[in-house]
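Pasting a structure here, questions to come.
Think of it as A, B, C and D in the order they're written, each chain with its own count starting at 1.
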Amino acid sequence: MHTFDTHETFDGDKLHEECGVFGIIGAADAAAATALGLHALQHRGQEAVGIVSFDGAEFFNRRGIGHVADNFSTGESIAELPGTMAAGHVRYSTTGGSGLRNVQPLYAELASGGFAVAHNGNISNAGALRSELVEKGAIFQSTSDTEVIIHLVATSRYPTMLDKITDALRLVEGAYALVIMTPRGMAACRDPLGIRPLVMGQLGDATIFASETVALDVVGAEFVREVEPGELVEVDFDGTVRSHRPFGNPSPRPCIFEHVYFSRPDSYFGGHSVYESRKQIGVELARENHCDADYVIPVPDSGTPAAIGYSQQSGIPFELGIIRSHYVGRTFIQPSDGARHASVKRKHNANRSLVEGKRIVLIDDSIVRGTTSLKIVQMMRDAGAKEVHFRVASPPTGHGCYYGVDTPERSKLLAGRMDVDAMCEYIQADSLAFVSIDGLYRAVGLKGRNTACPQYCDACFTGDYPTPLTDLAARQAQSAQLSLPVGKE
Amino acid sequence: MHTFDTHETFDGDKLHEECGVFGIIGAADAAAATALGLHALQHRGQEAVGIVSFDGAEFFNRRGIGHVADNFSTGESIAELPGTMAAGHVRYSTTGGSGLRNVQPLYAELASGGFAVAHNGNISNAGALRSELVEKGAIFQSTSDTEVIIHLVATSRYPTMLDKITDALRLVEGAYALVIMTPRGMAACRDPLGIRPLVMGQLGDATIFASETVALDVVGAEFVREVEPGELVEVDFDGTVRSHRPFGNPSPRPCIFEHVYFSRPDSYFGGHSVYESRKQIGVELARENHCDADYVIPVPDSGTPAAIGYSQQSGIPFELGIIRSHYVGRTFIQPSDGARHASVKRKHNANRSLVEGKRIVLIDDSIVRGTTSLKIVQMMRDAGAKEVHFRVASPPTGHGCYYGVDTPERSKLLAGRMDVDAMCEYIQADSLAFVSIDGLYRAVGLKGRNTACPQYCDACFTGDYPTPLTDLAARQAQSAQLSLPVGKE
Amino acid sequence: MHTFDTHETFDGDKLHEECGVFGIIGAADAAAATALGLHALQHRGQEAVGIVSFDGAEFFNRRGIGHVADNFSTGESIAELPGTMAAGHVRYSTTGGSGLRNVQPLYAELASGGFAVAHNGNISNAGALRSELVEKGAIFQSTSDTEVIIHLVATSRYPTMLDKITDALRLVEGAYALVIMTPRGMAACRDPLGIRPLVMGQLGDATIFASETVALDVVGAEFVREVEPGELVEVDFDGTVRSHRPFGNPSPRPCIFEHVYFSRPDSYFGGHSVYESRKQIGVELARENHCDADYVIPVPDSGTPAAIGYSQQSGIPFELGIIRSHYVGRTFIQPSDGARHASVKRKHNANRSLVEGKRIVLIDDSIVRGTTSLKIVQMMRDAGAKEVHFRVASPPTGHGCYYGVDTPERSKLLAGRMDVDAMCEYIQADSLAFVSIDGLYRAVGLKGRNTACPQYCDACFTGDYPTPLTDLAARQAQSAQLSLPVGKE
Amino acid sequence: MHTFDTHETFDGDKLHEECGVFGIIGAADAAAATALGLHALQHRGQEAVGIVSFDGAEFFNRRGIGHVADNFSTGESIAELPGTMAAGHVRYSTTGGSGLRNVQPLYAELASGGFAVAHNGNISNAGALRSELVEKGAIFQSTSDTEVIIHLVATSRYPTMLDKITDALRLVEGAYALVIMTPRGMAACRDPLGIRPLVMGQLGDATIFASETVALDVVGAEFVREVEPGELVEVDFDGTVRSHRPFGNPSPRPCIFEHVYFSRPDSYFGGHSVYESRKQIGVELARENHCDADYVIPVPDSGTPAAIGYSQQSGIPFELGIIRSHYVGRTFIQPSDGARHASVKRKHNANRSLVEGKRIVLIDDSIVRGTTSLKIVQMMRDAGAKEVHFRVASPPTGHGCYYGVDTPERSKLLAGRMDVDAMCEYIQADSLAFVSIDGLYRAVGLKGRNTACPQYCDACFTGDYPTPLTDLAARQAQSAQLSLPVGKE
C-alpha cells in the first residue's frame, strides 16, 4: 500500500554492535543481577539472550530469542539459574545464523569440567581454525565463531586452565571481549588491541565484568577500571583477582565508534563520558561547519547529544522537529530484511508546526547507506522546512568492520561509493558536512589522530585495519578463482 | 534483591488515557490503514487492540492482548479484515477488567444488521443504565460500559439508525468519542462537552476519524477539522458526509490534560500544536517560578518540551541529565501492580558526569502519587547534584477523573493529601513549584481560566466536574449505608 | 503422495453425538469431579470443553478447544474453578461454528443473578425463536442454539426461576438434556420425549447429573436413576431434590442409536447394559443372516461387542483381523474436512498372517457414507482374504438426525441413495446384511418395534421424526423460492 | 481428592521399548514417508520425535517433543525436509534426559561431510567411551549414548566412511539398530547379536529400514528381509545395496520381549506373526495352567491376543470385562512420575453387568511392579466378580534390561522380590500363573529354550545377559567404594 510507506525506519540504517556481555562472581543473586545488567546492555544486541550460572556443583543454562525482558523478567526464569556466579550475553545475529544453538554463552563439558564463554567481537580467522579442528575430528554444535575458542581450549595440551585459554587465544586473530566460567571461577579477557570494550566493577564482595559501565550502574555496582587491552583477569570464589598479560604490550586500538554510536550516552569509555564526547563532537562540528539556520534539530535519539553541543556552540536554538514513537526500540533490529521493514516503519513524525517555513540544521550521528537520511530530509521538506542542512557527528563511513560490528558491504556504504558533494545531492540536502577525523579525535580529548600510530581503531572511516583478516583474504582468493574449473573430489 | 531496586519506574506514576479510536471508510486498504493509525495512537492504550472491518456484506473482527505491532503487523492478520470500512481501538484496561471479551470495537448483530462501536471515554451512569437493561432481560457479553450503548440502540424503538443512536446517547452521561459502523456506513460522535478528542481527516476519497491528528499523519491523510462537541457525523459508502447536532449547543469543555500529557507532541488539539503548548507551559513556569541553576534537565521524555521552553525563557542550558532506556515503552502499562513493577523498573539512569556538583532544575509534566518524583530527586542526589529544584508543567493534580482516564483514588494523589510545601518535603527537593492554573490556560492561548464558564475540563486540578457522576454518587451512598442491617432477599 | 493413501480413517465415517454434559452439586471438589466426569464422556464430543463453577458468591468459567485432558488436567486449571457446584460440557462443533464463544456451558448475568447452562441436543426451532428475540432487541453473544434458551429465560415475565425455565422450554422444540446452574442451585431437564440421555447419581451428599453412567463410575458415584423424559429436577444447596413434570406425560422416545454406537459399552441406558445390547445385536444378526466363514472379525473398536455376540451365536471363531493404532482417538473428530483427513488417516492395519486365504465376516456397527466400509473391504482383500462378508449391527441409516447428532445430508448417506444390493456392490463385499429394525428392538429387550407407538426415536433408520422440524421446514421453503425475484429491502 | 483415585493406570506398569527408527532412500517424498512410518512406530516411543532429510546438497532437521502427529502432520513441517533420503526416530526418554538436544536423529558436520544417526538400543559401555573421548578434547552436545558413536566415527583414522563406522562399532558394546545418513547414502546396522529389531523393505525404487514391519505396511512397501544380526547394509543413491559382515558370525540373540509386548501384533518378527505368537502363548498358558471359570477377560489391549488363544484352547468364552477409554494412548508415557500419574489415571472401567457374580480368568502380557495388577483385581472384585484368576503371557520378569528398554531396578520388580505364591497374595488374586520359559519358546515355534545356547535374549526373565555390561560394573564398583575416604583432587 504505497500511501503508507512515507516514514521508513531511520535506525535500520545504522552500524550495529553485535553483542554485549556481563559476568558476576560472588553474588547471592548472580543470575538476577546478570539479567538486569544485560537489560542495560540491550542496545548492543536485541536478537537473542542467554545466561549460564554455576552453583558450586552444576552449571545451569537458559536461552531465548528476543529481548532480555521477554526471557528473564520472571522469578521462575531466574530461579532456573541458581548460584553465585553467572554470565550472560545479548546478541545481534549477524555471524552464524539466528538459531537457538548459536545463542551465547556457549557451554561445553570438557575433561576439566564445565566451560562457558560469552564473547563480544569477531574472530577474523575462525573459518581457518574451524577447518583444522574438524579435520582432527572435532564436532561443532554451533556455527558461531566463538565455538572455535572452546575447541581450542578442549584440545590444548597445557595442564592448567589459564594456560589452555592462553594457548587457545594465541591462535586467534581479531577482536574479542570474553567472559569465561569454569568450576574454579571466572575469567575475563580482552584482545591485545582492546578493540571491543570490557569493564570491571565491584558490588560488595562480588566482581563484575561488563561491556559498558551502564550495566554496573543498573545493579548498583562501582566502576573499578577497564580490563586492559591484552589482559586476562581471573577471579576465584574467594574473591581473589589475578591479572595476567599473556600477549605482551602492543599499543591499544579501541573502537572509536563506541563514542559515536554504540555505547549508551551514560556510559564511560576510555576514561571519557560518552555523553560529553558526543556533545563535544557537536561542538567540533559547529566549529568546522557553521551554518545559518533557525533551529538545530536532532535526528532522535542518537543525534541528540551532538545537537545540544552544536546548539550551544552555534547559538542556534535546539528544538524537537522530529517526534519519535516510543513503541519501537532504539533499533528494532531483526535479522531478515523483510522483518526489518515490517517492524521499524512508522517510527518518526515531523513536528510540522515548528518546522514550517524554517531553515533547519539536522544533526545525525552517522550516515551508513544514506537511504534514511534521504527520507528524513524529505520528511522535513514535506513539513514545510525552507532549508535543510545536514551535519554528521562522525567522518564518512566508507569501510566495513570485521571486528564484531554488522556493516553492509562497501558497495552499499554511501561513503564507499561517492564523495561528500555527491552524497549531499543523493540525500537532497541544501548542504552536508561531516566532522573531520581529527575533530573526532579532539572530541574524545586527544590532539588529533596520530597517523603513525593511531590511538583508536577507526577502520570504518579510514580503512586502516589493525589486524590481519585471514578468512576475508581466503574468501577473496576463492572468489578470484571461481572461473577456474572445479577439480574432482 | 534489595540492591537492584533503586530506579523504579517513573512513568508508572502518570495519569493514563484509557483509549484511542480510529475509523476509516472508503479506502481500499481500510484495515491496514487502521492498524497504522492505531499504532500512532499506541500511547493512548497499550493493553489490548481490536479492529473490525466490513466488506459490504459481512463484518470481520480480530482482537488481541498487547500492542498493535504484536497483533496487526503481519499480512495474514490484515488479510483477515477485508473491506473498505474499518474501525479500531487501543485500550488501557481500567474499566471492565482485562479479558478479551472487553476488547473493542464491540460488535453485535442487531435486528437492523451488524453494529460495531469503538469508544474513548467513560459513561458515568453506565452502572445505572445496565441495571435497568438487565432487569428487562438484556444479556451483557462484556463488563465494558460501552456495551450499554449497544443495548440502548438495540432496544430503541425509533425507526432509523440515526434516531436509535441519538435516542441511546441522550440517556448516557459522561465522556465519549465514538466511532460506529453499520452496514450503511460509519458514524462518529463526541459527547456534548467534547471532553475526549476526535478529529476528522481525508485521504483521497476516504474519510477518517481518529483520537489525534498524528494518526492522520501516519497514514498520509489531511486533517480536515475536529468533530465538534455534541456533533454526530454520518458518512455513507458514497462518501457523503452529514453532520447532526442532536444535543443542542452547550459550551464545550475539552480535557486540558491532553495538552499536558495525553496527546503526542506532534498532534494538534483544539487548534494548537501540543508541542508548542508544552514548550509554552515551560515558558510560563520559568516566568512564574524562576530559579538559579546550572542546568535545566527534563524528566524524559514527557518533560522535554517544557524543559526546552524553560531553558529558552530562563537562559539556563538544557542538558540530558537522565538517560532513558529505549527498551521499555513510554509507559509500559500493565493492569496489575505486580506486573507493573516487574516490567518498568530499570528505565532511567543518571548522567553522572554531567550532574555531579551541579545545581539542576528538573522539569516534569505532572506529579501524581509522587513516589517517582522522590526517586528521581534521589537519583540526582546520588549522582552528585548539589541542588535539585523541581518544576512541574501542570497545576497540582488533586482530584480523580471519571471521564476515561485512569487515576488513583484521591487519597493516593499527592496533591490530594498535602500542600506544595509538604509535597516538596516529601519528594526531598530543594524547591518545588507548579505552573498556575491561569498559566496553563495562557500557555494554550487563552487569557486565563474563565472561572464562570471554564473553557476546558480541568476537574483533575480543580475538582470542578462538568457532568453529573451518577454511578459514583450511588457507590458513595452505598458505602454510607454499609453499617445498616441487610434486608431479606 | 498417492502411495500412502490406502488406509483412510474408518471412524470419520460415523454418526457423531454432539455433546456430553455433567453437573455436580454439594461436593468439595466439584470442578475436579466434573473434569473427570467429562473425561469419561469425551467420546461424546472432542472439539471443545468448558466448566463453570459456583462458590456460593461468584461463578467461575474456563473453556478450551480440544480434549478435557488438554484443558483440565492440571491443578492450576482446577484451582480456577472453586466451589461446591460445577457443570461442564464436551462438544463436537457442528451447530454454531467452532469459536470459543460457542463453547458451553454458556453463561449470562441475568437480573436474577448468574445463569449457566450446558445442553446436549438440538433445538429444531432455534432459528425462528432467535429472529423473534433479536427483533425485540436481544443481543446474542454466540451462534449456539442453546443461547436461545437463556434469552427466553431472561425475558420471561414469570417470577420464579422454575417458572421462567418452564416458560422458556415450552417455546422450545426438539431434543435437549440440560444442566442449569443458578445461585440457588442446580436444575436438570430432559425434553418431553427424552430423546437425549441424562442420568442422576449420588456421591456422598453430592448429587450428579451426567449424559451416561460411565461418568458416575469414574468419580466413584452410585447410579440413582435416569432423569425421566419431560422431567425437571431441582437440587438446592441443602441437597433437597425436587422433581417437576411441566410437560405432561407424552410417551418417551429415547434415541436408539445410543445402544448402537453413541454410548460407551460400559454404560447403562434405558435399564440395559450397552455392552449386552451390542452383543445381543450380534446374536440377532447371526440368527437373521448366517454366513459360512472361517473367522468373525470386528471393525475395531465399535464393532467388537457385536462381533463377540455373532461369534458365540454362529460358532465361528472371533479373531483380530484388523489392528487399530492407539495413537488416534476413537473418532479423532475435527470440524473441517481438511483437518479430518489429515488427522485420522493411518489408523488401522490388516493382520495379514491371519486373514490370508480365509473367508471372513466383518462386523461393523453401522454404515454411513460407505466410503470407509469400501476401504476396509479393500484392505482385507489386499491382505489376501478369500471372501469378505459384511454384517452391520444396525439397520440401514437412510435419514438425517436433527436432534443433536452430526449426520451428513441424506444425499450423502449410502442408504439414502441405494438399496442393500447396490450398497453391497458399492462396498465390493461378497455379501452384505443389516440387522432388521425388529431385530434391533429385540436386542434391547423388546418384542419388536411398536409401529403405532414406537418405543424409541429411530428416525435415522425410519424417517419417522417424533417432533416438528420448524427451522428445517423454513429452510426448505426458502430454497424452493430461490428462483423468485428478491424484493426490496 | 481421595475418592477419584480408584482406577490407576494399568499401562504405566509395563516395560517400555525406548525407540523406533525409520529410514528411506530413493523416494520423492522421503520425509512424508518417514513421518508416516514413524507414526506406525509410535508405540515404541512417545516422548520425542525427529526427522533429518538430505536433498543431495544439504541436510535438514526438524525435531519436537511429543507425538509424530503433533510435530509432522502438517504440509509445512514436511516441506522443511526436502530430498529423497530421510531418517527419523521416536523415543521414550529414559537415557540421557528429556531435552530437545537429545532428540534423534543426531547430526554432526564431520570433515567428510554431514553425518546423521538414529539409534534404537543402548550402548552398555557408553560412559567409559565418553570419558576417553572427552579426555582427548571431544565436546559432546547431548547426553545421549548415541553421540559416542558419532565421535568415534569423527576421530577414526580409517579413510572410508564404511571403515570409520566399522572401526567405531567395534569399540561399542551392547544393543543397537542404527540408521545412518551421509552425503553418499544410507547405512543400516544391527549389533552382532541382533538384540534390537531392524527390517528392510522396498517401495518402488526406494529402500526402507524400520524397526518393525508395520512401518512398511503403512507406507505401502514390501517387506524384503530382516537386517541380519551383525550386518551392515549400505545403500547409495543409485539404489545399489551392499551387505557387509564386519563382526563375524556370532549366534544371534534377538529380544524375545518383542513377541511378548513391544512389537505391534500386526508386525512380523524373526519370521513369525506377532499376533500368532501372542495367541499361541495364550494356548500354551491354557495348556500349562487350566482353570475353571465363566469368562476369559483380557487386560486391554495388550492381553487380548493371548486371551483369544486361551479362550480357544480352554473353551471358556472370551468377553470384554474391562472397557478401556480411547482418550489415552497405549501407554501414555511421560518421563516424570508426577506427570505419569496425572495423565494415565482414568483409563479403564469394569463392565459390571458382565462380571457380576462370575468366575473370571484375567489375561495380561506381563507383570512388572505388580501395582496395576493389584488394581485390576480389585476393580473386578468391586464389580462383583466371584473369583479372579490371573494368567500372565510371559514368565516372571525378575531382571533389569540394559539394552534399550526402560525397566525399574530389580528391587522394584515384583518377580525380583518374591516367588509366585507371594506374588499371588500381593495382587490378591484367587490364583496366579505364568507361562513357562519353555512354553514361551514353544509359542514362537521352537522346541523350548536351548540352555547351552539360548536362541533369544531373555535376560529379563533369566538374568542371562548376552554381553558385558561395562558401565553397570563400573557403577557397582563405585557404589562399593563409597565408604572409603575420598582422595584429594
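Keep in mind that, in the parts below, a contact is a pair of C-beta atoms (placed from the backbone, for glycine too) under 8 Å apart; a residue touches a chain by one contact, two chains touch by 3 or more.
Chain-to-protein mapping (UniProt): A, B, C, D = Amidophosphoribosyltransferase.
Bear in mind the structure is a predicted one, so any value in this text is a computation, not a measurement.
Listed here as common contacts of subunit A and subunit D: no chain.
Separating the CA-averaged centres of subunit A and subunit C is a span of 63 Å. Centre-to-centre separation of subunit A and subunit B, using mean CA positions: 38 Å.
Separating the centre of subunit B from that of subunit C, both taken as means of CA atoms, is a distance of 51 Å. Annotation for subunit D: no residues touch two or more other chains. By the document's touch criterion, interfaces exist between A-B, A-D, B-C, C-D. For subunit D in complex with subunit C, the residues that touch the partner chain are 1, 3-4, 6-7, 28-29, 32-33, 36, 39-40, 42-43, 67-69, 73-74, 203-204, 214, 217-220, 264-266, 268, 273, 275-276, 301, 304-305, 308, 312, 317-320, 323, 325-330, 342-343, 346, 349-354. The residues of subunit C lying in touch with subunit B in their complex are 108-111, 134-141, 150-151, 154-156.
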